[in-house]
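In the two complexes that follow, chain A is the common piece, with chain B as its partner first and chain C second.
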Partner chain A sequence: MSSPFATILDVLTRQRGVRASLIVSERDGVIVDASVRFGQDGDRIAALAASMYRKARLSARAARLGAVSFLQLDAERGRICAVGGGGDLVIVVVTDPQANVGLIRMELLKALDTFQETDDGLPSEGAKRQGEESR
Partner chain B sequence: MSDDIRRWSDELARDPSSLVFLQLGEALRKQGQLEVALKIALRGLDRHQRNVAAHDLVARIAVDRRDFSRAFVEWELVLKIQPDHVGAMKGLGYLCFHQGRLEEAEQYLNKAAASGGGGDVRHALRMVRRTPASTAVPTVEATASKPAPADDPQYLFADQLLDEGQTALLLDTNGFVLAGVYLDVDGKNVSADIGAQLSGISEEVRRSTRHLDIGEWKAITFETHAAVIAMAPVANDNLMVIAASRATPLGLLRRLLERSSAFALEWLAGGRRGGDTP
Partner chain C sequence: MKIATVESWVATPLQSFVDEARVQLALVLHPSGQAVAQAGFTRRMDVMTACALAAASHATASELGRYVDGKPFRGLHYAGPDKQLFIGTVETRAGAYICLTVFDEESSLGLVRMYFDDLSRELAAAAPAPLENRTDVLAVDFEADLNKNLAMLFGRGGDVIIRNA
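This part shows the complex of A and B:
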């Protein structure tokens, strides 16, 4: 059965240098849907991306800088990029170090727009998370 | 102190022409809330333009912000209004000393001593007289009895940043602030809050990137509605964090991050060497 996010992930995975694309729950680091090349550890990517995104969001909140849009981790042999729209779900891609980050950023932001339309029918996790954080 | 600040703020809100802004500005300055302190002091100065205490306050805040030219102007204004103001003479003496203008520093301090300046003025005067004229400014700073703002780790990255909208923070592996400062839009120091939220990120990312076989991590950059933030590991999982306005090109932000990280590395290494020296 095809998930509502399959098209978004397909478009991202077709970009040059993209090794994996995932939809991840920021709250618990669990994969909601993914398109991952053989050899990539989807669970580990999801956990790391969710944790980084959450830390970025909370530190931005402490500094009163508003919501986090795009996040990028650069490592010696790869990059992880993520975008979120204020809800619980985050779109993540893993790329080669030579990949064109500017282009991937644009594609991720475009995917986020599509994703937010797709996500309308799903339960809102953002509200749940905000409730937990205020506790 | 916070009760006093609240009380003075209320009083100033009730009566904007009240002189309580002097106490409020000074209290905020001492707390390190320099931008708010400056705003309060300047607003008060608008209403009390010939008040020497107001000019003196603005000058002291300016020194803390390393805006030495502004401090100079304010203390000169104080002396025009009240030529025997000891605080202004001491301040100008300090600024001249800081800039290596030893003759002028001695003149100001002499005047301050003649106008009733206390033991600290005599001590400063002795030090100025002992300092060779050829002494480089950094050495002068290092030997000054009053710690220069540059000696305060909060100001460590002041010379690395390009404008006031940029800020730098060095955190240790537990998220504790080692150097730098982060003020929010109200001038409140939120460095510790940011440190707490980012604690452990360096180690966690290092472990994960190794496991994912993408090598050591070099930087994390993220964009928010108001700013762009970049961070990088510095020696033993310390974390260098740079924030700048959204208008800052990401390439420039990276350069700032690299420059500040290199500077932080030197500073950390220097500190350890200093610690080993008997």
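This part shows the complex of A and C:
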């Protein structure tokens, strides 16, 4: 049985340079669903990315900057991008250093929209169809 | 956070775990309930209670795991409203140890599990070879060993003496 997030993860993972895409619980730092390339440690990425996103969100709030819309960490051997929608779930993508961040950012924000279409944070049927059509 | 240990090889890995996972309390103990190392506890009575409860929870979870899955569960997590606890087993050549840790929203289950895996690897690498003449813990020795361990963890002052009922 495929999870309700499979379509979102499929779209993100098909982007060039994406090594892993994950839906993570911000509070627990554990994977809800993930598409991870061989050799990537999904659990470690989930724990660290969720912690980083949480800290960024709290820092932005403390600085009275409002909600975090997009988080990007550039490192020597890759990038981590994350978006969250106000609920507990965060979408995380790990990419190669050469990946097109602009494109990935756009896909992440589109994926986030599908979260926000329903109250429970799960993607709606319409969003699933949109994902199918974009293949 | 200050670490107190009975077995010195536990100190460095446990210090790393506590610092990196940002946990509030950590306790390493034998499955029998004897404390080996602690971080964050201020009263020896709390350590004794935590050791007894952690050993009991571990034994229960292990048996439950064997019952439903054919093998013992390796980790146990409980999330309260403010604090969470995680109990895991560390296998070393010196035998099995239990690690109990308590954390709040400064950390997360994912981080604790991740750093617990690192702790397990570091303890397994640092553990001394088992003693050849090591014997099972006997009830008569248990109290003496427990008191000795607690005295080492908290100093000699205000020792709690455990007596048979």
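Note that in this section the second predicted complex is superposed on the first by the 118 of 135 C-alpha atoms of A that agree within 3 Å, B and C clash if a C-alpha of one lies under 4 Å from a C-alpha of the other, contacts with A are read in each partner's own complex, and residues count from 1 in each chain.
Simple rule for what comes next: a residue touches a chain if its C-beta (ideal position, glycine included) is under 8 Å from a C-beta of that chain, and two chains touch if they have at least 3 such contacts.
These figures come from a predicted structure and were not determined experimentally.
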Three-chain arrangement built on chain A, chain B and chain C clash or fit: fit
Touched partner set for A:28, first chain B, second chain C, both or neither: second
First (chain B), second (chain C), both or neither touched by A:36: neither
First, second, both or neither for A:51, with chain B first and chain C second: both
More chain A residues in contact [chain B versus chain C]: B
First (chain B), second (chain C), both or neither touched by A:99: neither
Contacts of A:64 with chain B and chain C, given as first, second, both or neither: first
First, second, both or neither for A:77, with chain B first and chain C second: first
Which of chain B and chain C A:9 touches, first, second, both or neither: neither
Per-pair minimum CA distance [chain C against chain B, superposed on A] in Å: 7
Footprint overlap on chain A, comparing chain B with chain C: 44, 47-48, 51
Residue numbers on chain B that touch chain A, as the complex places them: 182, 184-185, 190, 193-194, 196-198, 201, 204-205, 208-209, 211-227, 229, 243
Residues on chain C engaged by chain A in the complex (per definition of touch): 79, 105, 107-111, 113-114
Residue numbers on chain A that touch chain C, as the complex places them: 24-25, 27-30, 43-44, 46-48, 50-51, 54
Interface residues, chain A side, partner chain B - complex: 40-41, 44-45, 47-48, 51-52, 55-56, 58-80, 94
